[in-house]
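Look at the two complexes coming up: subunit A is in both, with subunit B in one and subunit C in the other.
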Partner chain A sequence: MTLIWGGLALGAVYALVAVCYNIVFISSKTFNFAQAQLIMVGAFVAYTGLVTWKLSVPLVMLLAVASVMALAAIEERLAVRPVKDPHNILVTTLGVSILLNGATQLVWGTQPLNVPFFGGNDVLELFGGQIYPVEIALVLVAVVLVWALTRLSRRFLVGLALLGMSEDREAAMLRGVNVRRLAFGAFAFSGAVAGLLGMFVGPKTFAVATLGASLALKGFVVLAIGGFGSMPGTLVGGLVVGLAEALAARYLGGEYANITVFVILITILLVRPAGLFVRVRERTV
Partner chain B sequence: MTTQQTDEPILRVRNLGTGYGDLRVVWDVSFDVWPGRLTVLLGRNGAGKTTTLRAVSGLNKATAGSVELGGRDITKAAAHTRVRQGMAYVQEGKRVFHAQTVEQNLLLGGYTRRLKRTELRQEAERMYELFPVLGDKRSLLAGTMSGGQQQMLAIAQAMMAGPRLLMLDEPSGGLAPVIVNEVMERVGLLKETGIGILLVEQAVEASIAVADHVTVLDMGRVVLASAADDLDNLQDAYFGRTPAQGSASRDS
Partner chain C sequence: MVLWRTVRAVPGWILALALGLVLLVLPWAGLDFSASRQIQLTLILALVVSGLNLSLGYAGELALGQAAMYASGAYIAGLLSKAGHTDILVQLLVAGLGALAVGVVTGIPGLRLGSWSLAMTSFFLVLLVPDVLAIFPRATGGRNGLSGIQSPTLFGTLLDGTGFYLVISVVAILWFAVLRNIVTSRHGIALRVLKQSPVLAASTGISVFRMKLLAYALGAIPAGLAGALFANLDLYVSPEAFSFTFATTVLSASILGGSASVYGALVGAAVMQFGPNQSSGFQQYALVFTGVFLVVGGVLLTGGLARVCRVLVTRLDRMAQPEVNTVATGTGPAPNIPPYKGATLRIRDVSKAFGGNQALKDVSLEALPGTVTALIGPNGSGKTTLLNMVCGFYRTDSGEITLDGAPLHGLTSDGVARAGVARTFQTPNIPAGVTVLEAVASGRYTGHRTSVLAAVLRTPRFRRVRHEDLREAERMLALVGLDHLRDTEAVSLPLGMRRLLEVARALIDAPGVLLLDEAASGLDEHEVERLASLIRQIRDAGGTVVLVEHNFRLVLALADDIAVLAHGQLITTGPPEAIERDPRVLSEYLGVDPAPTAAHTSTDRMTGAATSGENT
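Right after this comes the complex of A and B.
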């Protein structure tokens, strides 16, 4: 059971990365390759706030949210908005991710830093398995975040406008939606969420300059399995990837963990090319 | 037919020029739309009707001329701000949000109105009265409805913004004739709410039946602007007959 808990927690980390990808994807139909790096920066800010500056948890949370949100806003202004072709945004955001990888190495070095979890570090017994408080928190945060975003997007006009933008940007504009401002807001919001998630992801994975690259890859796989734009899909994708990785590492060996994940990805994409939770709509002419 | 030109038009388009990038499609187009009346833009495929609407709505940049809404120059205003100022545009192709329910589509239509949720729902109820077919389907995803129902929804969604001017681009496109009549009947009823309507259509008879004014475009230019009951001139312009040919055929 410990293995299952570990897999679930890992899956929750990947799902949270995918959720951030989705926030940008839904509003801009683009993929922010630097999203995982933003979470990584959040983890480093959490480390600096909690360990170096010894600030209170709420203050560090605020700091992480504000700083990563500002970083995301700058990214949108410099690497997304000026780019006309959405395909080129993949290149510019990839550039930002490389910049962030380098910048974090310069500032925080290459050694993994242990980010303390504010909910304690004592291992707990749960249904016959052992689990850390941060792992429970990760799973809960993933479920609550997906539930909240799904609900809010259907309940509030801004949410409906975002979904509308994702489906037909021009039609949304003609309903009075300021699509550029809303896309910018969603980008900044995804940064704020990434900053907050750094507080939870850091204690599980350590704050390390290679974190962004590994989270980006698995987050992308989760998104491909669940379906781009589907919030519930991120939970299922995260569950599949996390459990597959944990089980394969335990029973087949560590070197088979990634292979197993990609075999599952290819199998799912062969059956449902748009992912598990996205239906392909036939184009009517 | 009411064609008094004394009251102020809600939309005044003057010498409009527009196109796509370097390609100029529309030249020197002028027309008006009055409150409570319907102006129809007619023309063959490629005459520049949709491009004109796109420029009036702000989706395409006007390279020449001006667009005034309620006496206010909006030529340079962004598309979303024109909606706030009272302009609603229903594009061709029944462009509703397929992944949202009918109700959600309608609520989103009122995005610019800063109303409370309950007030927005009341507005939606008003739309269900105007378009009864939508009332029974409020919880259905818009993408699952028929073409005619989607067209009604698109119009109702635009009406949710409380517009002073409603622009409709080929609402009959791809619909069965019996549905076209129903859609046109609803469009005719919308005039009674006092809004001005600008209609682009290829279904000439159905649109003229509800129109007050007709503007005919050809090759991106206005070739006729008249009252809808001036059918002789209209036929000449629409079917491309020269005045001489037209009078010859009438004489015979």
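Right after this comes the complex of A and C.
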């Protein structure tokens, strides 16, 4: 059971990365390669705030949200907006992710840092398994975030405008939606969410400079399983990837964890290229 | 300037060959060990980069998996060597094939979705390398690396340092010759068509998936070769050499040199090898530097150094060119189209719904050889939907579409194109970076096949097909009056000429059916005239033409049969004289309700008004 809890929490982390991908994807049909690195920076900022500076939790939270949001905003302005050829956005956001990897190594070093969780570090017993408070928190955060974002997009004008924009950018523009500002807003918002998530993800995975790459990939696999743009899909995808990774590592050996996830990704892409929760849209000329 | 003209008169490959020869004689020109090593590493890197260029620059798909294929090449060669097979040729062959296999197997799932799917699956592949190695620690040395590789031999003789330098140089020269032959052939143009738009590629009969896979898999070969060479250079292979950092170095070199160029890979690799990879004090900042570089490169350096060179060459060309005052306009007697056999397109009871929106309902239509069939109707009446269903971009809900009795529905869009349906687009769709002549010739890509291997070896068959390609394309250009622009870059043409170019491209392979989607919109009077006479010629030659058009006057003048669509249903079909007077057509399409008494005069007036209205 301990294994299941661990897998679930891991899955929640990946699902959260995928949620962030989705926020940007829905708003501007772009894919931010550096999203996981933003969460990683959030985790590092949380470490600095909580351990080095010994600040209070709300203050650190504010700090993490603000700093990562600023990073995301800068990224949008410098590495996404000026790019003319949409193909190149993959290259520039990949550049940002490498840049953040390198910068965090310079600032925080290459050793894993243990980020304390503000909810306590005492092991709990649940249904015959052991679980850390942060793991419960991760699963809760993932579910609540997906629920809130889905509601936001249906109930509020901003959300509707975003959905409209993802459907047809020009039509949204003609309806008076400031597409550029909204895309920028969504980018910055995804940064803010990433900063907040750093507080939760850090305690589970440690803050380490190699965190970004593995989060980025697993988040992508989650997205591929759930379908691009589907918020509920991220929860299912996270569940699958997290459990598969935990089980493979336990029963097949550590080196099989990534390979198992890769096999799942390949299978999904071959069987249902659009993911489980998105209808295939027919192509138009 | 005279000097420049002389230089330009020399074919480009001579320069490359000269560079290759310099490379080969360098060891006898007092090359010291460290410089020699740097050159060998540059060549190895350049091989990997050129593989990436095939998929990123030419097929337009970002792939990071080259590092994994490089790794497989290196380990295959290392293991072969340990097993006693030290002949470098055997190792190169097996490593190339092994990398190709890895490329094909891992490319298939990622390429089905393209774009980030491929980027991510290939990225994942790179991160899996150490895991895979760790599973076989006995054979591969796991994370400690593979040691005990023996010195390479060639035909039984042991290769010394200079000998191996020559092997690397020869492999690199040969590969770049192969790449150059592929890129400048019709396959290279087909790749550019694909990069421009998958829809366009499918409409010229190119299977998008297979073409992408071809580029990605071909790109694996040089990576595998490079891996084998690398393993024999140091006689030691460690997983760290194939890390994500290596993948990003490759990407940086590709972008720096220019992804859509052959020799850009070499330049980019040289800059990366002699620059960032050189100084060890720099290591710490390498990631930051690479990141910044990718951002700046992606934003500013579209096309890389190769583009800078190309712009420079064009400018010098223009300066060196003697001033031409009179531009010959193609008003000479246009050649005739030789008679050919069009096909009968039959659409029977076709329906299509998008969700709750019934876009087409029980539409039937017939287009016969030697006739022009026009499809008219107000915006949103389903004309383009019908066209897209014929082309295989949409599936039919019910009903059937046949070409000379053979069913088209159910075929993929590229299959439909190969069956003989050619089309033009509402917005002209023309690949970047090719000349007008090449753009037109690309219409023959699937009709007259030659293999990639034939292109690499420049076989007689390949030469013959290429000769025919160019001759036919020239004939088509003369036909549409663009022959004086044959060497201009195709995308730089004004709208009207781009439309005519599309017609030429669609017509070049004598298609069974030619679908013209609003070919006349945006044309000036002369161009409309030219188009009209061209369409008449096609019809008289026996071709089948389907015309989707808003220019009512043009339709009345050209069509033998007019089908009128409204709200997804066919309201009437008939010859122009009947359609012109059909009250339902007038009310649906022209939005007028002709008064029964003054029908004739008001119709004429309204028709005129509507036509000019549509033209604006």
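In this text, the second predicted complex is superposed on the first by the 282 of 285 C-alpha atoms of A that agree within 3 Å, B and C clash if a C-alpha of one lies under 4 Å from a C-alpha of the other, contacts with A are read in each partner's own complex, and residues count from 1 in each chain.
We adopt the following convention: a residue touches a chain if its C-beta (ideal position, glycine included) is under 8 Å from a C-beta of that chain, and two chains touch if they have at least 3 such contacts.
Predicted model, so just to flag it, every value in this text is computed and none were measured.
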**Study point:** subunit A as common anchor, with subunit B and subunit C clashing or fitting
**Key:** clash
Practice item. Please indicate which partner A:L90 is in contact with in the superposed arrangement: first for subunit B, second for subunit C, both, or neither. Key: second
Review point. Where does A:F220 make contact in the superposed view: on subunit B (first), on subunit C (second), on both, or on neither?
Key: second
Review point. Who does A:M173 touch here: subunit B (first), subunit C (second), both, or neither?
Key: first
Point to revise | First (subunit B), second (subunit C), both or neither touched by A:G102 | key: second
Practice item. Could you look at A:L78 and tell me whether it touches subunit B, subunit C, both or neither (first, second, both, neither)? Key: second
Check your understanding: Comparing subunit C with subunit B, which touches more residues belonging to subunit A?
Key -> C
Check your understanding: Of the partners subunit B and subunit C, which touch A:V143 in the superposed model: first, second, both, neither?
Key -> neither
Review point. Which holds for A:L59: it touches subunit B only (first), subunit C only (second), both, or neither?
Key: neither
Exercise for review: Applying the touch criterion given at the start, work out whether A:V263 contacts subunit B, subunit C, both or neither, answering first, second, both or neither.
Suggested key: neither
Point to revise | Touching partner for A:R154 - first (subunit B), second (subunit C), both, neither | key: first
Exercise for review: Could you point to the stretch of subunit B, among 37-45, 55-63, 73-81 or 127-135, that collides with subunit C in the superposition?
Suggested key: 37-45
Check your understanding: Residues of subunit C touching subunit A in their complex?
Key -> 60, 62, 106, 108-110, 112-113, 115-117, 119-121, 123-125, 127-128, 131-132, 134-135, 199, 244, 248, 251, 255, 284-299, 302, 354, 384, 387-388, 391, 393-395, 425-426, 517
Point to revise | Complex interface listing, subunit B residues touching subunit A | key: 57, 59, 78-80, 83-84, 88-89, 91, 95-100, 104, 107-112, 143, 157-158, 161
Study note, to complete from the structure: The answer for subunit A against subunit B in the complex is residues 154, 157, 160-161, 163-164, 167-168, 170-171, 173-179, 281
Revision key, fill the gap. Listed in rising order, the residues of subunit A that touch subunit C in the complex are 31, 33, 78-79, 82-85, 87-92, 94-103, 105-106, 213-214, 216-217, 220-221, 224, 255-259, 262, 265-266, 269-270, 273-274, 282-285
